[in-house]
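Provided herewith is a single structure, encoded as structure tokens, for subsequent inquiry.
For reference, chains read A, B, C, D, E, F, G and H in written order, and residue numbers begin at 1 within each chain.
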Amino acid sequence: MLDAKDMKILEILMKDGRKPFTEIAKELNTSESSIRKRVRKMEKEGIIKGYIAVIDPSKIGYNVVALTGFDTDPQNFLMVAKKLCEFEEVKKVYTSTGDHMIMAEIWAKDGQELTNIIFNKIGKIEGIKKVCPAIILEQLK
Amino acid sequence: MLDAKDMKILEILMKDGRKPFTEIAKELNTSESSIRKRVRKMEKEGIIKGYIAVIDPSKIGYNVVALTGFDTDPQNFLMVAKKLCEFEEVKKVYTSTGDHMIMAEIWAKDGQELTNIIFNKIGKIEGIKKVCPAIILEQLK
Amino acid sequence: MLDAKDMKILEILMKDGRKPFTEIAKELNTSESSIRKRVRKMEKEGIIKGYIAVIDPSKIGYNVVALTGFDTDPQNFLMVAKKLCEFEEVKKVYTSTGDHMIMAEIWAKDGQELTNIIFNKIGKIEGIKKVCPAIILEQLK
Amino acid sequence: MLDAKDMKILEILMKDGRKPFTEIAKELNTSESSIRKRVRKMEKEGIIKGYIAVIDPSKIGYNVVALTGFDTDPQNFLMVAKKLCEFEEVKKVYTSTGDHMIMAEIWAKDGQELTNIIFNKIGKIEGIKKVCPAIILEQLK
Amino acid sequence: MLDAKDMKILEILMKDGRKPFTEIAKELNTSESSIRKRVRKMEKEGIIKGYIAVIDPSKIGYNVVALTGFDTDPQNFLMVAKKLCEFEEVKKVYTSTGDHMIMAEIWAKDGQELTNIIFNKIGKIEGIKKVCPAIILEQLK
Amino acid sequence: MLDAKDMKILEILMKDGRKPFTEIAKELNTSESSIRKRVRKMEKEGIIKGYIAVIDPSKIGYNVVALTGFDTDPQNFLMVAKKLCEFEEVKKVYTSTGDHMIMAEIWAKDGQELTNIIFNKIGKIEGIKKVCPAIILEQLK
Amino acid sequence: MLDAKDMKILEILMKDGRKPFTEIAKELNTSESSIRKRVRKMEKEGIIKGYIAVIDPSKIGYNVVALTGFDTDPQNFLMVAKKLCEFEEVKKVYTSTGDHMIMAEIWAKDGQELTNIIFNKIGKIEGIKKVCPAIILEQLK
Amino acid sequence: MLDAKDMKILEILMKDGRKPFTEIAKELNTSESSIRKRVRKMEKEGIIKGYIAVIDPSKIGYNVVALTGFDTDPQNFLMVAKKLCEFEEVKKVYTSTGDHMIMAEIWAKDGQELTNIIFNKIGKIEGIKKVCPAIILEQLK
């Protein structure tokens, strides 16, 4: 189980994933080695799954970010979800209880490229029956 | 504009946001100071918006992650979107062209807490007309 | 925590809620007093919430059983859900992440009575914005 | 046809399905044998279909209860509905006039297990075309 | 209760509501007075609610027949349904468990007149929140 | 083209399809033969498609009247619509621009019979992909 | 009524609205003055409502074209539709029987501007209850 | 890149696509040859895709204009979209992120012809799974 100090460390790293352990240590009034040990433990247990840089897609030419729902044959569901993960344009994949059981975040340069990715690439996966992209207009948090 | 080396750095940091610049430099056959300069520039221009630790919510007691759509009076739309960002339980907020124009990711310990967050806290924001949570079952990527 | 014997008792009572403890004891090769003790404990801890006779509504004149979704102002959500519980015609109430956040099972003698219950009685609760009844045609399990 | 006394007995047993006939008799000012006779008759005629213990699923480790709609080929509809009844994880099955003609209540330990039940087990039934789970957040009545 | 002869008479009149009783009598091998008596009884008991000529709307200039769903405040539901019946352009009104609880058949000369009927006349009824017309393309039976 | 007198006759017959021509003649201040001639002409031109007795289905044992939408392969659409017309339980069939392109009115004795009609009879038509029944609760006009 | 030559002229102008009358005349083997007379007549009768240059929005910086549905109070419907016409960003407005009774085509530079147009400008019109933009990815004809 | 004068010319031509260059020149205080050069350049670069006469469909006998959504197998999506363009009755085709990924504008003389076009002609294209026409009631801009 996590104690209060672990939770504090998580909160800090969820906001600034690159913060040096020395700084975290100072903030929490403890030693750098203690922070390091706790972080390593949380990494090992899968509590911390990794660290990522958060990019503004539009600033590197990806003007269209689409939260895309997929309907599949139930028989092919898990296979489709796994295949989706293999595409570089697909940044996130999860299963959900919403209108579509598979949701994926897809990045494209413009609408025409999105059409191309969805139908000439992803849409060729066997078992996909419907594709429903919703464009993300603005991320606020 | 970004050159090929910038794009490489972004790719590396989108996978491992904590990788030391010295390692990135070695990988890209350049100096640590060159990497540092490029990263600082991309941070300053808002291309890199930050770095975050990616947490497995279920491992710290958040068993219910809900991708939640909000319908609002068009008059109050932007105000509602901004107020949503202030809640600690709300991890992401964006506007989209899907079934609901505001989407938010909410973390809760269980279904009962989700009901409580949605209706006793968030639902009190003036202008919210409908709340549609979909539970994320599993994140695959 | 429940052990294997507790789980066995639960399974038996979920199929025949009136089975005498003596019979359960014989089936599980233990004493009647042991069964009684375990059952009382599970009742006290809220694991067993009660025992009910399962009725065939059509055989006592309720020809229309409607699984009914309710949309409400988020502000009035919890109050509406609680008020619904007070109606005798409403047999079950729960909150869900489906198309409607409140679902209720309503029994009526015929379609005309259902219309009357929904609009002259339940529909008068303040804060209800839409009522969506779906008729249960046949219960198979 | 049922008389007023039968209806009273039903009301009592729908609330407390384990109440001894002697207590019901006292409450209704009649003999235990009269109650027994009436109950046996209603059981025989299928008015009382059985007695069940009502369990709180979350207290025995089932954190996810999903009211799940199924779409099928009309040709396979009745066969699918019957096959669904055979799964232990499926607690209730009925046909309805709502968005999905088959509705089933499924119990799972968490979201990942639900995904597994739905796609690796139930989804393999031939003729199922779409599966739409809605999570029950809280049962109020 | 209806006997077989009554049912036969109904079947005949549901296909040809103007058929003279003498012809029905001949067809069913009975007297004209017996038919008359049975029909009068069924009219009196509300089994036969009336007789109508079935018109082809497009042949008298009604090119647009719209099956129109209405959403209302639950509080005003029954009042709205009754008010709808008063409009000459509204040919049928019923309550249903479909996507909209009130359905009405509206006849109009063209799309522009339909817009006018729906918004300048019917839409002024207090309590109507949404109007969803679907155009009937062809009646086959 | 129809003149004002034709329209008057139509209005009368749409309300009382069995009204004797002599009475209509008196009402419109004209001769019975004139009425007869005009009616015969409108029948011949398909303006009047027929006359029907309007029955209260619940009074002859049809407790469930379902406005049922059908989704089909576009390839089989017209064939399905025609086959539907052949079923005795199907009282009306039309094509529409609503959620389902084929709508049919089906009469059944109860929910179980409706399930049976829809899946064991109608659902066997090749090309039907989805069936969506909505129960008519009450006809007001 | 239009004759075959009028229809030919329309077909030509629907493809090339700037074609000189002399060329149309040559194509149809008639005089320039005859074409001019026919075109003027069709303009006067409102058959030809005007001529427009067809622009590729993305080539002049409008990267987001949204086919946007509006839901309104029925009471304010016609007023809202008319107000929408006054906005420069709104290129087309029509009423329809689809999911939304008002549809409008809106041009914006990017997603953020679309959000701004919809909520800070258009959304302020009284009576608008819901706004549902769908992004046009590519126009093929 | 376009300058302010180019934008002015576009604005003028988007309202009156047939306006002579001499008149545009006078309006913008420049020479006819300058206008001609700029227009030719914008035509060549695909900024101006063409010029069309705008017709009132109902005035030439097309009483039914349907904005029609198509659902397809993702595998056949692009092929279907291209085939749709070949039909004369189909006036516009585009891909979108709305409820249906292909939208087409179809003109027909009446509802029966629309049914015929959709199912006997267009519906025969392989890969089309669902067709959802919405009737345009009135174009306001």
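As a convention for this text, contacts are C-beta pairs under 8 Å (C-beta built on N, C-alpha and C of every residue); 3 or more make two chains touch, one makes a residue touch a chain.
If you want to know which protein each chain is, UniProt gives these names: A, B, C, D, E, F, G, H = Transcriptional regulator, AsnC family.
Worth saying up front: this structure is predicted, and the values here are computed from it rather than measured.
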Chain labels contacting chain B and also chain H: A, G
Message: Given that chain A and chain G are copies and touch, would you call their interface same or different according to whether over half of its residue numbers are shared?
response: same
Query: Using CA atom averages as chain centres, what separation in Å is found between chain C and chain F?
result: 40
Message: Could you work out how far the Cα centre of chain A sits from that of chain F, in whole Å?
response: 55
Statement: Residue ranges of chain B touching at least 2 other chains are 95, 97, 111, 115, 134-138
- prompt: Which positions of chain C touch chain B when the two form their complex?
  reply: 71, 73-75, 77-78, 95, 97, 101
Footprint of chain G on chain A - complex, ascending: 58, 63-64, 110-112, 114-115, 135-138
Task: Provide the residue numbers of chain B that touch chain C in the complex, in ascending order.
output: 66, 111, 115, 118-120, 122-124, 128-135
Query: Mind pulling up the chain E residues that touch chain F in the complex?
result: 2, 7, 10, 13-18, 45-56, 59-60, 67, 81-82, 84-85, 90-99, 103, 134-141
